[in-house]
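As written, the chains take the letters A, B and C, and residue 1 is the first residue of each chain.
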């Protein structure tokens, strides 16, 4: 579960970085979305602390302890595009939440101590709910039209 | 970043975020360099270093913008000359941890000669080259690692020139630690950087770091990279034989040598006036 | 007056003859006897075995210029020595000493009207087993100029390891033989005083150490290599470091890196190397990193004549950097001044956080001479202004009234910054803003503009309506020319600039108050110094240029003549 906590923190940080990147590139709408997503993940991390009744941050495992390249809930850096639409951001978030859900389900299924199993099941349920919310959100958000990534201006040199 | 004013004698060990400055990178979203920056901050935190005791030296290029994005001491020099700056700095201040960040143009083209000699000199540095097989900052010209048939404005139809193999050059020139990393795995990159810093002498990491703007096809690199099938070797001959069948996407440490790091002569502390007796009549 | 205040002698010969060894011993003997002396050298293009000549001037007064002509030209053999004729001017009062077994002296020397004294150097040497003709010639020369046998022997004992007794015996043979020749005995030496025997390159190296340099990056190039080679063991002794670089692009950047780390740093080179370093000197200016580059100028352009002197790197030193890149340029104007000027340059670089170029030249750099113990410039410039730990919101490039902002040294907590060649804001963050560029340009210019160099900016001597303005190695012969002019009743003043950048127009104005005629003296073809003076200063009255490219140094007579013709001086 300490790993789960680390996972949420990493996700929070990554969404915050994405928000910064998009702010710098004047894609404010999606930057806002990522800030919101970061907030959600931060809350999630707090929940884990409460569920596990840890008084403070546990000793975190080394960063590179994941089976895959990064934490299940961390969106990879190369999923970004400076002209990305809100739809894309939500797609990314959806994937992350689905991976996180699976992660907690796997923890529960691995026959851990009862307290951990209970917490993992609860977290999995939370993630399932998040998946549902994001799917709803996606319905409300316009599908990107073809040509969403077209920029009539060529790249510039900065130095 | 707010500077924490700690009580004297109580220095909290910096976390990765303490190595990231408030300056926002100008790289295109999707750039592999974001991952390398994150990896550097993680590695420095893992090593228990403090920002004021680390120097990040760079040349010119997108990846060379990294020093200002850290809270370490930084030196953003001129094109191709990062390695000599870092060499002079480390020789004069062996107490510092010195990282050098560069790209395939800065490091292998204009900086090529210094690359050879830095490997040979084996000063205790860690050299991180973010290789995207293109000159990104100047809008897309071939670099020494670009495929021969990649068409560009400067070389329509491709240069027709065979690419450099940086790991081969590093091995032949005497680098003491040689590795390849992939920016799609920031934690993996962080682990390699930490290992490279720990390893004495000249440590070289070639990081495959896709350019989302000028080489969007490099997205497929993540399907081509794979962990190296063998453990690192300390035998240059064995390393050379492995490189002969290297597909350019082997990830991991190739070679960990045992050459003693460069130590310039010196150490005594006479008064300079004592030198005058050689002139006195 | 039964004696000479100054005697110039030359010893020539081909490879293996040991001309340089003997020449150095003669210089040493004169120095031990209490005289001033200077030795320069010339050689053919071969690495070994080529023709060579050692040129010495022994005098009762200090100075490092050449005299108008040589009193004695001695040759162990005449192979290709005619090649040096332009550097070995003789006159009717001169003496040629040669070994008759090696043939007649070349016509290019005898047509000067000099008398010829055959001396069987080889035969005399054969009288002593294991002796060499160059030691015989040494003895001859020592006797001709009136040195004592004791001084000669002392020099030989100091210099020789093997063959000492044979060498001394050979020298004594030559010494005795010369008694029958009419020589040029020196006046008694000046009183004993603490003096050094040193080359300009060594003096510059030592000046650097005195200035605080403890890191040197080295790439060899003629005629600067000896400066670096002297520094290598010297630095090790005093706790410094020297790293040999792979090229000049590396050496300047190594020096910048070490300086960024807080250690005063230096490299030395010549024209071709300076050209390679130019881009990175600009980096030092933009990022405000101190560094010193000694340019031991040689004949250019391009590869030029590597072993000969010229003053033709003024243009590149002052104006070679792209963009507006104010920096410091200092020019030592004597062999001894190589020490003080380099020490001063280090202090200026450190206190102003800027690159400084020291324009020495091959003539001063490779000349070996007896000098009064060189004065130090210590205390004339403040050390680097550094930032303290715990500075809040540190701004590396803060806009201060003086233009100098505190520079944090790596290792200092809470003051990290990134030094940048990119234009930047006060904090060092890259900036494309017009206001930031103007502010930083003003800052970097202001740093230098508010420098008060004091009297060190130039050597100013004499008074009068005619002024001779020069710099560097031309100063030696200029001083002698002016001494002769004054002896003839003329009033002439000398202004030899030591600080070339930042220019000091107000100071030159004061120095040239009342001057009606300015003779500008320089050793280059196009008049770089004249153009610089016209660009940066107001020159009063009439201005004339006396110049020629290297390799031949100016001699006092030609300067004096130019002054006489023009002003009736």
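What we mean here is this: contacts are C-beta pairs under 8 Å (C-beta built on N, C-alpha and C of every residue); 3 or more make two chains touch, one makes a residue touch a chain.
What you are looking at is a predicted structure, and each value in this text was computed from that prediction instead of being measured.
Inter-chain contacts peak for the pair B-C, counting C-beta pairs in contact. The greatest centre-to-centre distance from subunit C, using averaged C-alpha positions, is reached by A.
Averaging C-alpha coordinates per chain places the centre of subunit A 69 Å away from that of subunit C. Subunit A and subunit B have Cα centroids lying 30 Å from one another. Between the Cα centres of subunit B and subunit C there is a gap of 42 Å.
The set of subunit A residues that touch two or more partner chains comprises 159. Shown for subunit C are the residues that touch two or more other chains, namely 422.
The part of subunit C that touches subunit B in the complex is made up of residues 31-32, 194-198, 202, 206, 209-210, 214-215, 217, 232, 234-243, 245-247, 249-251, 253-263, 265, 279-280, 283, 287, 370, 390, 392, 408, 410-422, 428-430.
Contact residues on subunit A toward subunit B in their complex (touch as defined above): 13, 17-18, 20-25, 62-64, 66, 69-70, 76-82, 84, 154-159. Looking at the complex, you find that subunit B touches subunit A at residues 16-17, 24-32, 34-35, 38, 42, 46, 60, 137-140, 183-188, 190-191, 210, 212-214, 219, 222. Residues 3, 5, 23, 50-53, 55-57, 67-68, 71-78, 80-81, 83-93, 95-96, 113-114, 116-117, 264-272, 274-276, 279-281 of subunit B touch subunit C in their complex.
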